[in-house]
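Presented sequentially are two complexes of chain A, the first with chain B as partner and the second with chain C.
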Partner chain A sequence: MPLAPFTPDQVQRYARHLILPEVGGAGQRKLLNTSVLLLGAGGLGSPAALYLAAAGVGRLGIVDFDDVDASNLQRQILHGVADLGRPKVDSAEEAIRAINPDVEVVKHSLHLNSENALDVFRPYDVIVDGTDNFPTRYLSNDAAFFRAKPLVHGAIFRFEGQMTMFEAAKGTGCYRCLFPTPPPPGAVASCAEAGVFGVLPGIIGSMMAFETIKLVLGIGETLVGRLLIFEGYDMSFRRVNLRRDPRCPLCGDEPSVKGLIDYENFCGVTAAEPSVSLAPAELAAR
Partner chain B sequence: MPQFRIPGPLRNLSGGQPVVEVQAEDLRGAIDALDGLHPGFRGRLLDDQGEPREFVNLFLNEDDVRLGDGLASKLKATDEIAIVPAVAGGA
Partner chain C sequence: MNLRVNGKDVELPGPISLLDYITGLGVDPRAVAVELNGEIVARESYTELTLSEGDRLEIVRMVGGGCR
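Coming up: the complex of A and B.
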């Protein structure tokens, strides 16, 4: 079947992509035919959604069950003052449509859990994880593995960010290979308590969009197999190598995790607050 | 001397220093030396059995020590040990 030509509006909109040899017409078509699921329309999800939409990713799914709060506006640039109290998926949809009406937005106003994750992930090509708690991190890791979907991972705390990409079903290793177990109950501090520098998710979330687009286009070297660590306080980027752990219970040689589990029980915390591993003594000192 | 890269969440233990140099021949010795200079690191990096915690990773130069020689990893003067804690924030 012949491909539909770009419309005059699309030629104008994507002109800077179309003249890039690494994208071109074929690459832009790939983007328009790609679907990406964003987990979270918050700090990381906001810039990721806006750049993916601007780039012409054809379908963007957004998972979020929160309403917009005034404390979000310091960094969650999908949302504005007029959106206070509204569901984030609604304000996200409007912000995306305002940038690019080519994009189909699919709203998933739900709490991602073991019962729904595999169904939610199924129709998407790439999963972008901008969630804010350990249970959902492990859930999205496992669900992406079972669905054989690439998982773009970003995480932030105060002035620091981490980013990588897992294609665990292809043997690249997974989040469990990196962190086999979550911090124990009581050993987590929330970003709400510890703070987060507002521009930080803009940097990490933008790079998540960058890597997603590279993956779709098949250009350059992605972060598969490497963890990028950004330290904003001294503006340093570091990369370390990630490998599949043969002992990994999910993607190792003798897996014991053969389906989605109870992640809140696994982590011993409720899926509510963004967190970083801290010792109980340090928490007590805060 | 080998040096540790201290992540932001743990810099309160190192007096705010992002880098701490230690005199040691292997990684276990380096952690002991780090804890000697700045008490509290051993408990953050190792569990009650003296093994690396699974939610705070140690990378020797660019490689995860858990997938290599672990705490027995030999150190050279130019080696860098990055402490990488699990971080889950995103909102």
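Coming up: the complex of A and C.
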């Protein structure tokens, strides 16, 4: 395929990338020809989407079924007051277009599940997981493995964030190698129950975009094989080594998971649990 | 006995099994992954593993949230 030259607008827009030897014209072209699927347009998906768009990732798919709620605005910077009640994929699309019209936005207004995940993942180069529940974590892990897609993983809780990257089909290990089984229902509080410091997803989600772009460009050292833990309360980072577990039911030597399963049943919960919220008066009294 | 747990120095009176140590912290062992001296420990080994002087422990909590 002949390469279209950069337009004058693009030369200006991407000037700071083009001058970086690690990106340059070839790298920028790679980004423009890359497609990334974001799972969730929430806390993590917001900064990830904005930075990936600004960087010139050519196609951004967004999976989200929620509408914008007032309690989102403390951290989900894709959405604003004017978006309250609108589907998140719609406000996300507008925010992305406002930053970079080069980017094609593909809206997937659906609940990711075992029936649709493999089809949704198929056309994308990288999957960025900013979801909010365990069934979807295991689902995206397994579907990324079966589709042989890199999976950028981020998670947040109160002041703590975690992030890593799996290329499980290449033998790097997967989410199940680290956490073979989901926690018992109720053992892990959700953000709605436990709270989350609003800037935290900004940091973790930005790092997810950072690692995604490095992966696409093939530069630097990625987080594959390492889980990064950010403890915002004392501003420290720690790292845990990850490797493929030969006994992993998905990517191990004798896998028992050979296709997508019923993840809600596996986790003993429903994916779309209503968020536990306190009444405004109760919250204000805290 | 001195350990390093999640990047912080911790002093313990004596050897203790990994499982007893974790549960003593009020942590549900089914909701974490544990790295001991740079290696992830299989959950089945929590009872038989005894912590000793100088061990470096990382307890990684399972976090579902991206927060919608």
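We adopt the following convention: the second predicted complex is superposed on the first by the 271 of 286 C-alpha atoms of A that agree within 3 Å, B and C clash if a C-alpha of one lies under 4 Å from a C-alpha of the other, contacts with A are read in each partner's own complex, and residues count from 1 in each chain.
Here, a contact is a pair of C-beta atoms (placed from the backbone, for glycine too) under 8 Å apart; a residue touches a chain by one contact, two chains touch by 3 or more.
Because the structure is a prediction, the values reported are computed rather than measured.
Visitor: Applying the touch criterion given at the start, work out whether A:Tyr233 contacts chain B, chain C, both or neither, answering first, second, both or neither.
Guide: Only chain B is touched by A:Tyr233; chain C is not.
Visitor: Under the stated touch criterion, which partner chain does A:Phe159 make contact with: chain B (first), chain C (second), both, or neither?
Guide: Only chain B is touched by A:Phe159; chain C is not.
Visitor: Based on the superposed arrangement, let me know which partner A:Pro183 touches: chain B (first), chain C (second), both, or neither?
Guide: both
Visitor: Contact-wise, after the overlay, does A:Pro47 reach chain B, chain C, both or neither (first, second, both, neither)?
Guide: Neither partner.
Visitor: What is the contact status of A:Gly202 with respect to chain B (first) and chain C (second): first, second, both, or neither?
Guide: A:Gly202: touches no partner chain.
Visitor: Which partner does A:Gly27 contact after superposing on A: first (chain B), second (chain C), both, neither?
Guide: In the superposition, A:Gly27 touches no partner, neither chain B nor chain C.
Visitor: Indicate the residue numbers of chain A shared between its chain B interface and its chain C interface, in ascending order.
Guide: On chain A, the residues that contact chain B in one structure and chain C in the other are 40, 42-45, 72, 129-134, 137, 154-157, 160, 162, 178-183, 188, 191, 196, 201, 227, 229, 231, 238, 240-243, 245, 275.
Visitor: Please name which positions on chain A make contact with chain C in the complex.
Guide: Chain A residues touching chain C: 40, 42-45, 66, 72, 75, 129-134, 137, 154-157, 160, 162, 177-184, 187-188, 190-192, 196, 201, 227, 229, 231, 236, 238, 240-243, 245, 247, 275.
Visitor: Can you check the complex and tell me which residues of chain A touch chain B?
Guide: So the residues of chain A touching chain B come out as 40, 42-45, 72, 76, 129-134, 137, 154-162, 178-183, 188, 191, 194, 196, 201, 227, 229, 231, 233-234, 238-243, 245, 274-279, 281-282, 285.
Visitor: Give every residue of chain C touching chain A within the complex, in rising order.
Guide: Residues of chain C touching chain A: 6-7, 28, 30-31, 33, 35, 38-40, 42-43, 58, 60-68.
Visitor: Can you tell me which positions in chain B touch chain A when the two form their complex?
Guide: 5, 7-9, 12-13, 18, 40, 43-44, 54-57, 59, 62-64, 66-67, 82, 84-91
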